[in-house]
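The following pair of complexes shares a single chain, subunit A, combined with subunit B in the former and subunit C in the latter.
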Partner chain A sequence: MGPDRGGARGDRRPPRGVALSSTSLVFENVSYAYEEAAREAVSDLSLSIAVGEWVGVTGPTNAGKSTLCLLAMGLAPHFFGGRLKGRVVVLEKDSRELSVIQRSAEVGLLFQNPFTQISGARERVDDEVGFGPECHGVSRLEVAARVEEAMALVGISQLAARHPMDLSGGQLQRLALAGLLAMRPKLLLLDEPTSQLDPAGTAAIFDVLAGLHASGITIVMVEHRLETLCELCPRVVAMVAGRIIADGPPDDVFNREAVQLRVGSPVFTRLAREAGLSPPWPVRLRDATAVFGRRLA
Partner chain B sequence: MRFAYPGGVEVYPEPGLTLTLGSGVTALVGENGAGKTTLTKLLIGLLRPSAGSVTVAGLEVAKITVAAMARTVGYSFQNPDDQLFERTVQAEVSFGPRVLRRSAEGIERGVAWALRACGLEGKEDVHPHDLGLSERKWVAIASALAGEPAVVVLDEPTLGQDYPSRERLRSLVRELDDRGRSVLVVTHDMDFVGEACPTAVVLSHGRVRYSGPTSKAFADHSVIQEAGLEPPHVDSLARMLGLSECVSEADVLSAWRR
Partner chain C sequence: MAGGLSLYAEGKSLLHRAHPLTKGALTLSAIAIAFIAPSIGWVLGIGVILLVLVTAAGVLRRLLAVAAAILLPITLLLLAVQGFANANNRTVAFALGPIVYYREGLAIAALAALRIACLVCATFLFSFTTRPADISEALMQRGLSTRMGYVVQSALQIIPQTLDMAGRIQDAQRARGLETEGSLPRRARAYLPLMLPLVLSSLVATQERAMALEVRGFGLPVKRVARFEFADSPLQRVLRWVLIGAVPAAIAARLAGWR
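Now for the complex of A and B:
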């Protein structure tokens, strides 16, 4: 990482195309406490996510998952204040060096509560979707094209003329995602992106994310539904009380006892354990079908 | 029963909704916009039907004030931030029974029970907005329970909840059932429906598509698909293995062992 570890100042960053060129998000021994908070929300976090990865983050309440997203976006500490130790490097730039507005040109954060995301400054859904690129000085023609594309992608084209505040929770969540996509981000941070959607809507949004992943966009996604996480994400980070307790392919992560005890197990893993099958236990439907089917045969 | 929002969007089309919810624990499921939350608001009188009537525990909702309805129905909102306004968890949870003028000991008993059932013991003095979303959700649920109402309506209680919290929720609805309360759970979490709710109502585009035991709710895949639902994970596994009518983990294990 070069000699300026912890310093984060000056022009001694590694040249482009060398050390950091393939990373999208790097946490180096990051600890962070919110203003006036007695304890740290995350402690000694080290994590490196390569460009194009789709990483799922999970863990119980107060694990530090949302804080991880806020740190990557720069909202912590730029907006929330608080105490930050260590280094957060996003798309090769130290988070201390860029304002959140600069950061938002390349990084999109979908908040846990979509209501938080809506600007309140626009009276139509389509205008709201275009709010981000407009603020970044994208031309009107280009904004219009991006708005149309983003609305179609998340399935809200028919809501274009509605007032954002009249939407349901699920519609609002789609709108918030469309607003991010209109920015054409390189890194998407998604804090429970489908929590308000019905199962069909959820599947549709995950299809959109799979498409973005295929096109090379890096996705970091907080998700409680472990079955979903295991189906979608080639890599899972499990957090407990502000620390990472496991990081790897879902099959490895959810076969660890500490994760099963402190984070939980996908239903298939739990069933295989309860049925007395020998580990490693399956984490996905198709693997569970194979494992249980073999025993039935 | 029919209802239209101002502006004319008819939620339950001709001839209107006819539905009887029994006692016990019932899941209300269906796609975004199916009319689930609207239905719950009609149950507590926050909305009034434009035709027909809604009767809860023998009371015709339209003839009673929302405040009086609160004696009978405890309601926790989908978004806890729509509901919470006090400065401490204790004040928030005791607000309901206080305005219902319950006796001091009734308030104490109801609040203590609700805090314990919702895992909020030790957090009584915390400001609700210093809690994370999932804990605020629990404060909203505790507030709905503290008045010890006969009917409890929970709108999306599993939203943002981790696995231990979902387990807590499961034992909570079981305890409510044991205490003879009726519970209506609005949710998109089909695993939770299979594990915790013996009866299910499937609503789609304002119409009842299914009402009956949860074990048979996922049998007709065309209904499930139309209502924007997916069967519980255990149901998918059971089908792949040729086992039938499994909606809970216990169902799969016993069917598989046979």
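Now for the complex of A and C:
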């Protein structure tokens, strides 16, 4: 099974044994507009994410969150075309130097819709997980080992012989994640990975991600659920209209007025504000419990 | 959700274990020779061999259920059309008042029906004993490009996936009050609002899948490692060549006057 996940959730310390000195993803004054689009999807974006970090990205619709993931993966501009200004450096390589398929050995991108992420060509779950490593020419023995490991990590080993199309949405998303993990990525980009899942499926995915973060993988996760974001991510980037308006620990980010007005705030923060508590307001359940506990006492 | 478009029936028979290309050669040559063979006797012989193989593979009951549904209407139609209306009809088999049935038509219909029966029998024998993914995998191991292999594999999965998507769209439309039950015209009308979202969803899904494939490294110019080796033997290799060679031999024999 995967690494111990219990202590990882909400733990803001960097994973043990991982140095945060080197960068995993760097955006240097990046502006990008899709082909034939009148306005830029992201503008003057500067961001540096260290190896082993788990960064949550949030913001309203058209904030540029998905575009950030597509830029990091190289799909923008390699797949979509469009105009890119500035530099995107992924694992110390400029995005212009590598194609998406070359980068896929080190970077994985999980989309919202689990249905379209499976290859659509395999009849067994374990075969589907092995699709990526096979595309990379990995040896048969190594593929088998990676498939077994990835399925165990996301908890789908018991589904190995099932047809991918017979899985539920949550199982399918875990399969898609296993397919990426079998590639042994150093950087994982997640574009609202649980937006189409039920609470149980969502919890299962987040447990897996907590385990991956603990093992040292860099994670960039786009997420709308602010409470979840605050619980899981030690660092949050808030975006509005293609620009970063706040970047830092969730307690700092969601205590800023601009973020509260334009992005929103976790329910605990709103509750504390409405209750007339003085800032800084809590952003996590455990902090809120402590604050209200003191107030009641 | 829908499963894959697979008729494969789990089994451990000799045919299940045979190399997919051996089964492919058997299927194609059986069908070809059934259509080349000049008389009912020869076609019947091929049919009997196929039935023996079907029985040995343990899929006779499944085959009979599928074949009856396909062959019964075709055979009845052939018997009626050929027996009553074939241009070469001369010898009366029986007559019911003004309705006359002819022997020549009966023979032609029986031969055609037997040939179609062989085609159905051979095709389903192959489908029941071979996983679709194994076909493309075997072809890729024989030099078919990875891209073409993917096309073959995904084509076998696309119909159930599209049906699944159509079902979801229809469920959503039904929930918003669209009537999809009732008379034939009403049901036909219900398909019109299905088409646009289905086509658009399919296009969006295709784009997303293309991206997802790139993200997984599909198309990387590296030598692909076979997922597994199929069990093969010198006997199977010889058998494949014999089966493939039997087709031109049958054509040559037919041209030389085989009757």
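Quick note on the criterion: the second predicted complex is superposed on the first by the 271 of 297 C-alpha atoms of A that agree within 3 Å, B and C clash if a C-alpha of one lies under 4 Å from a C-alpha of the other, contacts with A are read in each partner's own complex, and residues count from 1 in each chain.
In this section, a contact is a pair of C-beta atoms (placed from the backbone, for glycine too) under 8 Å apart; a residue touches a chain by one contact, two chains touch by 3 or more.
Just so we're clear, the structure is a prediction, and the values are computed from it rather than from any experiment.
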Fit-or-clash call for subunit B and subunit C when the two complexes are aligned on subunit A: clash
Touching partner for A:Met165 - first (subunit B), second (subunit C), both, neither: second
Which of subunit B and subunit C A:Phe115 touches, first, second, both or neither: both
Which superposed partner A:Gln102 touches (first subunit B, second subunit C, both, neither): second
Subunit B versus subunit C as contact partner of A:Glu123, first or second or both or neither: second
Touching partner for A:Glu274 - first (subunit B), second (subunit C), both, neither: first
Partner chain(s) touched by A:Glu134 [first = subunit B, second = subunit C, both, neither]: second
Touching partner for A:Leu197 - first (subunit B), second (subunit C), both, neither: first
Single subunit C stretch clashing with subunit B - from 98-106, 170-178 or 224-232: 170-178
Residues of subunit A contacting subunit B in one complex and subunit C in the other: 113, 115
Residues of subunit A that touch subunit B when the two form their complex: 59-62, 66, 112-113, 115, 168-171, 192, 195-203, 224, 226-227, 263-265, 267-268, 270-271, 274-275, 285, 288-289, 292-293, 296
Parts of subunit C lying in touch with subunit A, wherever the complex brings them together: 1-4, 6, 131-133, 136, 146, 150, 153-154, 157-158, 160-161, 164, 205, 208-220, 222-228
Subunit A-touching residues of subunit B, taken from the complex the two chains share: 30-33, 37, 78-79, 81, 132-135, 156, 159-165, 188, 190-191, 225, 228-230, 233-234, 236-237, 240-242, 249, 252-253, 256-257
Residues on subunit A engaged by subunit C in the complex (per definition of touch): 73, 75, 79, 100-102, 104-105, 108-109, 111, 113, 115-124, 127, 130-132, 134-140, 143, 163, 165-167, 176, 179-180, 183
